[in-house]
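Notes for the one structure printed next.
Naming follows writing order (A, B, C and D), and every chain is counted from residue 1.
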Amino acid sequence: MIDVAIVGASGYTGLELIKILLQHPGFNITCVATSEGAPSLAGMHPALTGIIDMPVAKADADEIAQKAQLAFLALPHKASMGFAGQLLEKGIRVVDLSADYRLALETYEAHYCPHEDKAHIAEAVYGLPELYRDEIAGSRLVANPGCYPTATLLGLLPFTRYIDERFPIFIDAKSGVSGAGKKCTHNTHFVTINENIFPYNPLMHRHQPEIGEKLHLQSGKSFDINFVPHLLPLTRGEMIDTYCLLKEEIDPIAILEAYYKDAPFVRIFDRPVDIKSPSGTNFCDIYAKCVDRKLYINSAIDNILRGASSQAVVNANLMCGFEEGLGIPTIAYVP
Amino acid sequence: MIDVAIVGASGYTGLELIKILLQHPGFNITCVATSEGAPSLAGMHPALTGIIDMPVAKADADEIAQKAQLAFLALPHKASMGFAGQLLEKGIRVVDLSADYRLALETYEAHYCPHEDKAHIAEAVYGLPELYRDEIAGSRLVANPGCYPTATLLGLLPFTRYIDERFPIFIDAKSGVSGAGKKCTHNTHFVTINENIFPYNPLMHRHQPEIGEKLHLQSGKSFDINFVPHLLPLTRGEMIDTYCLLKEEIDPIAILEAYYKDAPFVRIFDRPVDIKSPSGTNFCDIYAKCVDRKLYINSAIDNILRGASSQAVVNANLMCGFEEGLGIPTIAYVP
Amino acid sequence: MIDVAIVGASGYTGLELIKILLQHPGFNITCVATSEGAPSLAGMHPALTGIIDMPVAKADADEIAQKAQLAFLALPHKASMGFAGQLLEKGIRVVDLSADYRLALETYEAHYCPHEDKAHIAEAVYGLPELYRDEIAGSRLVANPGCYPTATLLGLLPFTRYIDERFPIFIDAKSGVSGAGKKCTHNTHFVTINENIFPYNPLMHRHQPEIGEKLHLQSGKSFDINFVPHLLPLTRGEMIDTYCLLKEEIDPIAILEAYYKDAPFVRIFDRPVDIKSPSGTNFCDIYAKCVDRKLYINSAIDNILRGASSQAVVNANLMCGFEEGLGIPTIAYVP
Amino acid sequence: MIDVAIVGASGYTGLELIKILLQHPGFNITCVATSEGAPSLAGMHPALTGIIDMPVAKADADEIAQKAQLAFLALPHKASMGFAGQLLEKGIRVVDLSADYRLALETYEAHYCPHEDKAHIAEAVYGLPELYRDEIAGSRLVANPGCYPTATLLGLLPFTRYIDERFPIFIDAKSGVSGAGKKCTHNTHFVTINENIFPYNPLMHRHQPEIGEKLHLQSGKSFDINFVPHLLPLTRGEMIDTYCLLKEEIDPIAILEAYYKDAPFVRIFDRPVDIKSPSGTNFCDIYAKCVDRKLYINSAIDNILRGASSQAVVNANLMCGFEEGLGIPTIAYVP
């Protein structure tokens, strides 16, 4: 059993990490922490009553280093980079769920803020197992992808060689409200989003560079990524609809099946997917259709599992030499 | 045309008042105000874009008195009492949507706070038209009932003479999230209430005394009111399920139809009602069933219309000598 | 007052027609009919209880011709064409909400079924007032546009001259469940669509030809329309997100404002729109953004009002010489 | 490993049984059947794609008897009684999720239909583990309680000795739409129940006798049960609010904690419960409050797990000598 810490236990992704690790045969939760600390984990997450309870520590690198061999950082970007650096110095492996180690330095600083842990950026591995399974296995710092890039990249990667990069790629993304976080804001107020839907930050979303950079690394091509996210009136799940132009007509299902034949957490469907079938699981469900040279890719994930916490545990499995799917949820929240 | 002001225009009830008064043939909106003021009403309520726009004044009694003959106060309790007093001194009629003038002084101070406008409590008329139509007509200060008491009283009033007051009356109330207001809180966060329901303040809700006091005034009896409100995962509407014991078996539908034969805004159904049929209207829909001596009363209203703003305009109609239903919405938000 | 009939009164669009016409100063409902007939209109639509009631006739052209000067046909395609022809022969003006008269004969028969009223196709005017206001005024048969084409065309029409037609236009459409009709099916079952979203008939939706044909008539250009509709977990409303490539960079807001400067039912926003602000109204809300040569158009309507019934009444207003906006709803169902 | 069959695999409770048994260390699914059969289980429940697939047999007692030692019957009442009898004759143990063996013969026939397997009613044990743990252990036929009686009885049982049976017990029940089943009906249509709530069969619901009979068996008292169920706009979960009068004031939390001190699947809270915290689990969450002699009991369960499938597996665990909680879900579907 490997002792693990969860730093940032108060949010939705922190809760999902706890729910998975509680039942994981290889990991043992020895420390949960938040910036402020709290008397009781079950008090913070009432649904855990009777399942687990322990004090919530005030996040401190020394204490974490004493209690755990691996730490999951479910912190906002910027808050993460300090911690990760300290923990690595103390020999603790880190899975960082924030954006802090996902991008090349220049890209990061152009879209977020000055980076305060430049020393470790180089060794960070982008935690998309389908793309970097081997690199993750050897690493001590994994940058867990964002929910939008995860579902978008898994849909696009099999097709990069067929896409005509002279034309833009349009991505219409749809996310449940849990993606907006636990903070009480106008957009997360029930009355604002119930019976409603709206886009936000169209064509300027921070995830464009993350998607573009990873596609470039995989294909050597520079794609013109145009991303429009929407907030949906539902709690969990994310759907990505991608539209692009190909150099020639293809059979997209055959290409998807070949590309993911060894991927345990990608499911290919020959009809459109829905958001609910993968909810509660680590699956990414993908469908695609090609008409003439036009390609439509339709992918869906659970935004706080495959888009965050369950993918983080898959990465931890690989880092620790466990089987990729050990303790990873596969049974959906249906009906 | 009578010039009216809406003080507290930023909330849901303020918006509903604007929506009704905009199309009202007898009232003319000359002033909208909030505690802070704002550059644009349509900016504050984007759905009004292209319909109406005007600056939102910083609430000031003198300015309101110059611009309006009647004021609707859609303010929190305590904030209202100061304004109402000042406006009345200046000869402005007031419909107060807060709790400040609904109760006898002692009852109010026991459940809310010290009262700062004792001078006017005595003349305030409780704005439930089915109970005080004539008194409202002559008054210059109407205390608009709360949403819970409105639907509860309209269900109970016809039966007070039949109810055995030695036994408790149990009221299971269910409200949409708009009833919790526009403030961003844990309970109004989409993720908290979506796919969920929960009671709050069981058996101690502030509306118990309001209901009990009005029943006593009408019947001379003291009933034991036990109120349990719930928050529902929907935006607007309220359902009240009331359970009590009678002195003898009755025909509740016949009693309801007789009691409300002249009430234009009460609809009696011979089967259970739903929350959606009266939504968007001033109707209170009521069904009741009696088995042996047990009575079940099932009533539904739009919590921010019949439970607040449209009832306030009905009261203003009566105060100004207009026909009770002038400009009052009757077409439901269905499907 | 002009006497009107509503044929197909049992569905959502039939109900919306009744709700609007009930309060319309120029039209008088003299006949409501369905294929089977029914004893009571309020029984069929309980929310109308206390507002209107009348027997629901078994749809018959002779009876309708005796009772009405104009008929709204809220029937499925194919059912409409028979009626419309008969009514026109009897001198009744018709607003047809079905697809039967929207398309050129060949296009219609290619996507629907053999046409049984070829005689009247030629004189049918496509009822998009912003495009054919004058032609509608003189006509006796108006083909009311579908909800998807309405919101899509209103977004695209101002930009046809700027769009590079060599590149496909991708349309990601999102509709509330009322768009799927009142029929009880797997897709309209609450458990299927609640907390869910899914596309259907991607890139093959029947509305592609309707959109393409009207764009061609207006611009002389042939655009490659690629339409992907989604079902959303909400009752009413529709959002269309359109992605295309331009010949040059433009200022889309200025172009929209110029194009719609005289359109009373199009609202231009300088930020993304939402589905709820136009719900309950005839407005089409539009926002657009251009980055380099990429254009994103974001439009929203109430699918059963601007996408069906309120647009039908606007067309009837124009046909009868009334002011375009007479009796048309403009106050949104918010909050 | 014990081989089990699931008869009635197409519904929600059938799906939940599959989800639990798939991960259960003691049971092995060897047969899934429906009345018609089907080529593929994953085709019937797409969310199971990649997890499990097998042909769905046409339900036949002989085939089931060859393949399984225990059968779960997730069939409608009346359909179950035939099967259960046949299976018992062949030595197969049965957990019946229908109403067929829950009641005394007279009570059953009074509320349902003539019983066709009278021979086995006597040996059927009512599968509420908190009440009949020992009897279940020895039985070969367990009648799994209904969802409403489960949550109602678990709330009432600790208090029967304190309740004044001369006064009626009022039960205001609230259920998610999954409780109405997979059938497409007007009440399960998204547009009917979304943004809505309504009671059905008030004071005449079939679950009244089931609740009354079990309370009588446990306490020897005859209570006057008055049950009013409501349909809620959410998919899964059930809340029961019970109102009654006591002989004297009590400390309800202390009584609950004492009564359930050894019950692993009942959680006592000192504040109101919500529907979501137990969703996805076998827990029944209970809160109660007493004011003078009035008692309010507030209990919540997942209607298709604790109210059906997970309770059925708990019963199977006890019947087979496994630990009560073996393989039973305890991690909630939150957020």
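Keep in mind that, in the parts below, a residue touches a chain if its C-beta (ideal position, glycine included) is under 8 Å from a C-beta of that chain, and two chains touch if they have at least 3 such contacts.
Keep in mind it's a predicted model, so treat the numbers as computed, not measured.
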Which one of the chains is farthest from chain B, going by Cα centres? A
Would you say B-C or B-D is joined by more C-beta pairs in contact? B-D
Let me have the rounded angstrom distance from the C-alpha centre of chain B over to the C-alpha centre of chain C, please. 37
Centroid from C-alpha atoms only, then distance chain B to chain D, rounded to Å. What do you get? 40
Residues of chain A that touch two or more other chains: which are they? 12, 178, 191, 194-195, 233-236, 276, 335
The chain D residues in contact with chain B across the complex are 167-168, 170, 172, 174, 191, 194-200, 202-203, 224, 226, 228, 230, 232-237, 239, 241, 243, 245, 272-276, 279, 289, 291, 294, 296, 298, 335
Could you list, by residue number, the parts of chain D that touch chain A in their complex? 12, 15, 19, 22-23, 45-51, 178, 195, 235-236, 267, 269, 276-278, 280, 283, 304, 330-335
In the complex, go through chain B and note every residue touching chain A. 12, 177-178, 182, 184-186, 188-195, 233-235
